[in-house]
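As written, the chains take the letters A, B, C, D and E, and residue 1 is the first residue of each chain.
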Amino acid sequence: MSVSNLLENWSDFRHTHPVDDVPHNPYKWAMSIDLDACSGCNACSVACYAENNLPVVGKDKYAHGYAMHWMRIERYWDEDGRDFPDQGAQFLPMMCQQCEAAPCETVCPVGATNHTPDGINSQIYNRCIGSRYCEANCPYKVRYFNWYDYPTTDNVWPAEMNQQLNPDVTVRGKGVMEKCTFCIQRVTVAKNNAKNEGRLVHDGEVWTACQQACPTGAITFGNLVDPESKVHKQWQAQQVELAKDAQTKDKEEGGSELRGYRIFEELRPYPSVMYLERVRESAV
Amino acid sequence: MMNSGSVKHLAGHPFDRRDFLKVLGWGGAAVALSGCGNGSVEDGKETVVSYVETNDYMIPSISVYFNSTCAQCDAGCSITGRIREGRVLKLEGNPNSAINRGKTCGLGQAGVQHHYNPDRVREPLLRNGDQGEAITWEKAYALIAEKLNGVSGEEIAFLTGGVSGHLKVLLGNYLDSFGSKNHFVYEAVGPAVLRAANKKSYGVEMPRFNINKAKVVLSFGADFLGAWISPVHFSQQYAQFRKGVDGQRGVLVQIESKMTLTGANADRWLVVRPGTEGILALGIINALGTATGDIAAAVKGYDKARVSKDTGVSAEQIDKIVALLKERTPSLVLAGSAAEGYAHGSQNAAAINLLNQVLGNVGKTVEAAAVVPFPQMAPATGNTFALKTLNDGLNAGKYKVLFSYAANPVFTAPGAMKFKDNLAKAGFKVAFTHYLDETAMQADLVLPLDSALEDWGTQVPEYMAEGAQINIQQPLMEKLHANTRGMGDILLALIKLRRADDYKKYDDYYAYLRAAVLQNKGALGGGVADDDTFWNETLSKGIIKLASAAHALSGKAGAAGLSLPAPSAIDAQYPLQLIPSVNASLRDGRNTNQPWLQESPDPLTTIVWDSWVEIHPRKAAELGIVEGDIVEVTGKNGSIKVQAYLFPGIHPDAISIPLGRGHEALGRYAKGYGVNPFQILDMVFDKETGELALHETRVKVSKTGSRVIVVKDEGPAGGSQMGKKIAARLPSDKVKLSEEVYYVG
Amino acid sequence: MSKRHLLALFSNFDEAEAVVRELRSVRIKGFDADKDMIVKSPIEHPEVEEFLGDKPVYVQWFTLGGALTGGLLAFFLISGSQANFFSQVKGGKPIVPFPPNFVLTYEMFILGGVYISILGFLICAGLPASRSPLYSAKVSEDQVGILVQADEAASSTLKSIFIKHQALEIQEEAGK
Amino acid sequence: MKDISEDIAWAKINTDVLKSLENPRKLYWVILLIAIAMVGVAAGCEVYQYNTGMGVSNKNNTHVWGLYIATFIFWIGMSHSGTLLSAILHLMHADWRKPIYRFAEAMTTFSLMTAGLFVAVHLGRVWQIYYALPYPNGRQVWPNFQSPLLWDAMAIFTYLSSSILFLYVGMIPDLAICRDHLHPGWRKTLYTALSLGWEGTDRQWRNFRVTYLTIACFLIPLAVSVHSIVASDFAMSQQPGWHITSFPPYFVAGALYSGCAAIITLFIILRYVFKFEEYMTLPILKKIVRLTFAIAMVWTYLNLIEYASVWYGHDQASKDVLIQKATGVYAPFWWMMNFCGSIVPLILFFKRFQTHIPVLFAVSLLLNMGMWLERWMIVAPTFSHGYYPWTWDHDQWPSLVQWGMVFGSFGWFTLLFMVFCKVFPSVSMYEVKEMVYHRSQATKKLEVTGNLAAAGKGAH
Amino acid sequence: MQRFLRLSVLLLGLFAAASSYAADAPPPALTTEDDLGPAIEQPIEFPHFRHAGDADKGGMQINCMYCHTYARRSLVAGIPPIQKCIGCHQSIESVRETPRIKKLFEYWDAKKAIPWKKVHDLPDYVRFSHERHIKRFIFQLNRPVQEVCGYCHGNVKEMTVARRSKLLSMGWCVSCHQQDHPVTDEGGTPIGNQAYWYSMHKPPVDASGIIKAKGPNDCSVCHK
């Protein structure tokens, strides 16, 4: 069946994703993060711990670089050599960018990380054998490996704490790679409800944990295919297109005055997270 | 996500409701990835426990949402708990509340870890030597009655943190039953000076600050995005402020000696010599040149040259700010805790408030807050003056019985106050607590409390976002431990011992609360709805919005009595000013035992699980200190050893150590991590309010010779992007925000 | 008519060569030099083949067949399994991508070639073989052996030829 | 004492080599025991790591790979010289390879076996390793054929099994010798079974020659492909310092280089331990040394090409990694690697050292250390200084568990090798005979033309 | 020689057969395959055959979803609360004194939940939605309830205590997922007002204009 399937659907199988035509229908989950609104408060990160059963590794293991924060807030300083950072700091929430042409996907030997039809870079924990090639090849280094057995030998969730674990998310044992999933468990619930009602998921029906917590509303999440979605409108207004390694607006003479950009676009992973540049007042 | 439909289903007998919160057998819900060593669950042995009785909306694997109030800090954000199979899994913001509009901060998210904390006290404990001996509640109540027998009201003291709502009423009644007036409300890092200054300047303690309506915010050390008053509310306002009212993006100028989270988000962060914020405010008034009358006279001496010299802010910079303030109105000037932590803190705050007045912001961006129509429920706000009074009383041996609730003074009082020693002079000490914290360790009787997610209650926030509101706290799940009690239930039990007749009609605090709310149904907006409907609707919303008038706001305080001291000379022995910083997640340390917060990096230094001392790189070079050096910070009242972190966002003559860590008790996630700078604070008090001046401690720093690797998220590249476009930035004149599509909230 | 085996051992190839040439040239009844003569030597000696006459080797055909089968099989197997029910979509790449499949095809080409060559070798060389009736361990040391199979009648003729060429030793199959 | 450059008796060859199979010297047991102890260390490390989690190896989320992968590449590289000696030189009719190719091939096989172990050791969930095998299964899920790791697995499997077959086929005549000349016992039974009834008939030799040649032809591209696929693990990725076009040839050169160095080491050890002075002669050593020198220069060139292409290239991130290698925490190792890889082999240029055994022994060890460092310097600095500055981590240092496993791998290799030498003839007897024969034939021709009286071949 | 030729042909044939099986393996007919799980002792030996069994066999033909009421609206089918059992049984006097019912009332009177043992248990990393399957097969394709439930649970109506009778392995799930099931009526109208979308392949349309599609093949649909 497979070989006949191969021959019958040859063009489907030779379809290069996402470069050829419209890659996703009816969903393509994407995000935009407004760095001008982001205050770096870490609420998103803690919300992620709560939603996704992230283990707290403790001081010693944090020191060794075993932190499991799927969403980390980076803090950058200006590099102008001044005594004081008189323009403040730059905060950047960094999590899996759910690349359309993800470097991690192709290298996984067992296919534990694949592209879903919704445009999410899925991570199938029970399939993972822990070769860590995905993280080696991730330009953003946003994948996190279970170096120890946090649920059992490390006892990260001692009695009572374990009752907080979200049953919709697998608790990962040792030797498994994990990362931000765009709260795929919430997406699944929303899609289920939509299906029951014979419709597509509305904009705003599904929130990621970070988005829901974010006090400044810096994070927008939604369906990029849906022309009515906030995230689609933002991407459009910023003239950022998914399957491009350099945006047309950036090639124009004199540069762009639009704030939308994606990190490491030039490496061609086609990330699904658009950041909006921070703005700093020029009058002071 | 929000299944608001299920919330409506709450109609039903309250007894049932509590029953439904029972934990459904969750063996299968503890999901695990079976692997080597982790046994697979596929052996057919696991049990699935069903309900005995259930309601329609309780469906296994479907989440239901109940509203309650966050108790992680006093801001009073409303929360919605996600409950599945009877377990509360996650807290989100309740969109009904004007305070947080569906949002939460990291601290609020960690509320579940307070509830599920393995270190919670589970039984009433009676001191037996160094040990706590588990006793029954009956015995505990009897013991209290026995100890109170023959003790006069004067000899009883009740120490609490900020309390409000019906708990405060009940507490007041309880103290009344002894004729005691000794209710000490203590907050270690509360904005007490600000309240006093606001009262003087505007006529109200806590007006509303409309950051979202301002085009310029000039903040003197107010960390409104981090730990100041109601950070989630202000963060939302801030997001709107950044988008601008009419496409003109708001400009934030932060003036402080140590960069706070808010400072890190400012368009211009101005470092100022510690304690000279008031001088700068007066200098700006002077430079504005619009003041008249006694104000003009008061600021006359503050010419740019002098102000610049005193504060370290360049004249050019003052000009820029003045130009900005003139050009863009309305503006908003905020006086934060950093400006107030000095002996002349009240004066600083008054000077800063005066700037608001001169700029005409009062009534525009500083508005009167709504009045809570039930004054007995209005929050009793805490301060450190109360603690000082209590401490003096304890020292004098005035109190025979001391109750302590929601405060941990043994940890948060300055070491020089010798609170721990004085506490021992009280005859009988009762601590109502969740954890065995430092204060509970000194108590004779420890009474375990329900967590905020198991308990009933009402809360009235101090900072009212829009109209007045009362927040409802209700259980989100069945009690985890059989022998914990709600504070309301305990107080009710205790008061029944005194005034049985008045209270015997209330079985428990829930009944009291329900009766008390329904009694005032009319005033609470219940209209003609029948009791059950109103009550259930109230519970389902999680808040009661009150129609009420606003306070009267006065904008004409003037400059009377304003006198700011010249910046003090550098002390040769203790040349550095110690700034104990209030971190957005750990605050005064009551939440330190929540591991998510310990592991959540400090936004500015990205340090986790430990304390640090921030030193400006220039100063560090002078002292030969590099990152990770263990330095000894010595003041007049002792010294602490802590790792150094080189931080550019601090005045070179100041160092900063965050509060909240350095616990000697509390629990496994808190004990032994970091140091407690409260211990070395100098006993300097604000001259007007008697508040402890947190920033007045002077210290010296010396190397101990040992060095550690600082545990932080930031890598060896530090905060550098190494020339890559990672976190990018544009100047505002390049961006047309008005053409953008954006969504707030 | 029963046949008997004779094994003669010689100390060097020159002598053995001479024997072979003589055996091929003389006509002995009941002895066919092409079929009934086997030369056993301790080392590979191309000259032996020259004087034994041209005998074809077929191993290379096995190799060709094996390599092609391996390669083709790999390509279709891999492409087919990529196109199964669980099409693993990899962002930026088609489901059936050529470069990786070619790499694997290349490896399997070699694998098939090697395996089938060995198989071919075993088949063509008749290995594993049961031991021939006459054998001397000297052959694996330093002597060249010639094993012939002939009618009883011819054996004396053969023996004399061997002796003529300074056979070091002649073994004779026991009579039946 | 006569050696193989002269005409030595074939029977003596048999005796000498067969002698090496029996009655081991004390030194042999010492080496064997040390090897077993080393394997024990590694086994202990693995048990600890298996039970506790990969964290005990002290890698982290930035440094996801460490010494395991570096050592894996090292062992894969080591395997290439066997193929070089047995296949390439076979095709080129270099008869000096004959006494030494057997152990070189064994080295190929065993270093591949060692390398393969590192793949397993490196996995986070080694108990699920079967997920990576392409076999029809009930889940109907296949591994991801796009992953270079899978190519690796395929290439290594092909290489390992082909090498074993090649080794075995080439050994059949020798096994027959063993069968014929050993006393009955388990060995004899073993050799009888393994020699498949080889009798050295003309038909067997004829097919043997063609098969051997064919496999040799296959092995050469295979060996090249194996190490270029290992190079693809890195070159196919996107990381700075890895995404380099010249990696495949660079890896292949490095592989041959380390393999040749290892051959020198083993040559000297075997020559001493088994008293093979007559077979492993100094002229042969000299040839290997010259070959090593040539490959060293090729490697040096490719190494410099890599630096140059990074340096003149446009990719700042790659350049940063290079600078980091030369100046950062890895600088001592990086410079050591360059020193060992490019400077040390210059000693081999001097004729007097080309047969100086102590010097060669030291040099060969240094060369291998250089090559091991090279692999480490490929893996680690890119992790410590990748694209994303926030996650840079310059302080990572492998834990004792990692070192123990690397240490143990040498023991494992030695163990396999020592056992091999005692079970199978480590010098190819029949090929040495051929060599001696052809040489004497050549001498004879010379004698005939020079009208010199000549004795026949052979010692009788 | 002959022998080895035969051997080689045999080996080659095996090799070819194995690989063609691997690539072309037809979906094993696993839906019909029985794989009996362990017999499980429940706190009350619940007679499924009595409640759900056919009338001629003394059963009451109660719809599965009458008791397993959660199945159509959540991931799990759920065990009914004791309330539900009591609801009927308090008015059925005839069996009131039987040991099983007495036990039931003991639990009810003590207000204690019955510790039922799990019979159909999937690994914790699997997300199986009863709701989706019931919506699809009962409400959209109008298949009989007992048949639909029986696909995975076997012939429960003839069991006393339920026992696992299907493999419930991943391959077993897939054997059904990779079959084409109709998603539209003739003319392409979606069945049951459902919105359908397909990940990779355009589903085939058969002669009558009915579109058939396979089940989801996306890993993250079933693995959490």
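The rule we apply is simple: a contact is a pair of C-beta atoms (placed from the backbone, for glycine too) under 8 Å apart; a residue touches a chain by one contact, two chains touch by 3 or more.
From a predicted model like this one, the values you see are computed outputs, not experimental measurements.
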Any chain touching subunit C and subunit E at once appears in the list A, D
State the smallest step count from subunit B to subunit C, taking one step as a move to a touching chain.
2
So the chain most remote from subunit E by C-alpha centre is C
Compared with subunit A, which chain's mean CA position is the farthest off?
C
Closest chain to the overall C-alpha centroid, by per-chain C-alpha centroid: which is it?
A
As a test of whether you follow the contact definition, which chain pair has the most C-beta contact pairs?
A-B
Can you give the whole-Å distance between the Cα centres of subunit A and subunit B?
32
Between subunit B and subunit D, what's the gap in Å when you average each chain's C-alpha atoms?
66
Subunit A to subunit D: how many Å between their CA centres?
43
Which subunit D residues reach two or more other chains?
62, 125, 128, 140-142, 144, 146-147, 150, 387-388, 390-391, 393
Please list all residues of subunit C that touch 2 or more other chains.
76-77, 80-82, 84-90, 93, 95, 120, 122, 126
Please list all residues of subunit E that touch 2 or more other chains.
22-25, 27, 123-125, 174, 178, 199-200, 219, 224
Pairs of chains that touch, anyone?
A-B, A-C, A-D, A-E, B-D, B-E, C-D, C-E, D-E
Hey, which residues of subunit B end up touching subunit E in the complex?
25, 28, 30-34, 40-54, 59-62
Over in the complex, which subunit D residues touch subunit C? Could you list them?
9-11, 14, 134, 140-142, 144-147, 150-151, 154-155, 157-158, 161-162, 165-166, 169, 172-173, 176-177, 179-181, 196-211, 214-215, 218-219, 221-222, 225, 229, 232, 430-431, 433-434, 437, 456-460
Given the complex, residues on subunit A that touch subunit D span 61, 64-67, 72, 74, 94, 103, 106-111, 127-133, 135-137, 139-141, 143-149, 153, 174-177, 264, 267, 269
Within the complex, subunit D is touched by subunit E residues 21-22, 25, 27-28, 169-172, 174, 178
Would you mind writing out the residues of subunit E in touch with subunit C in their complex?
1, 4-5, 7-8, 11-12, 15-16, 19, 22-24, 174, 177-178, 199-200, 214, 217, 219
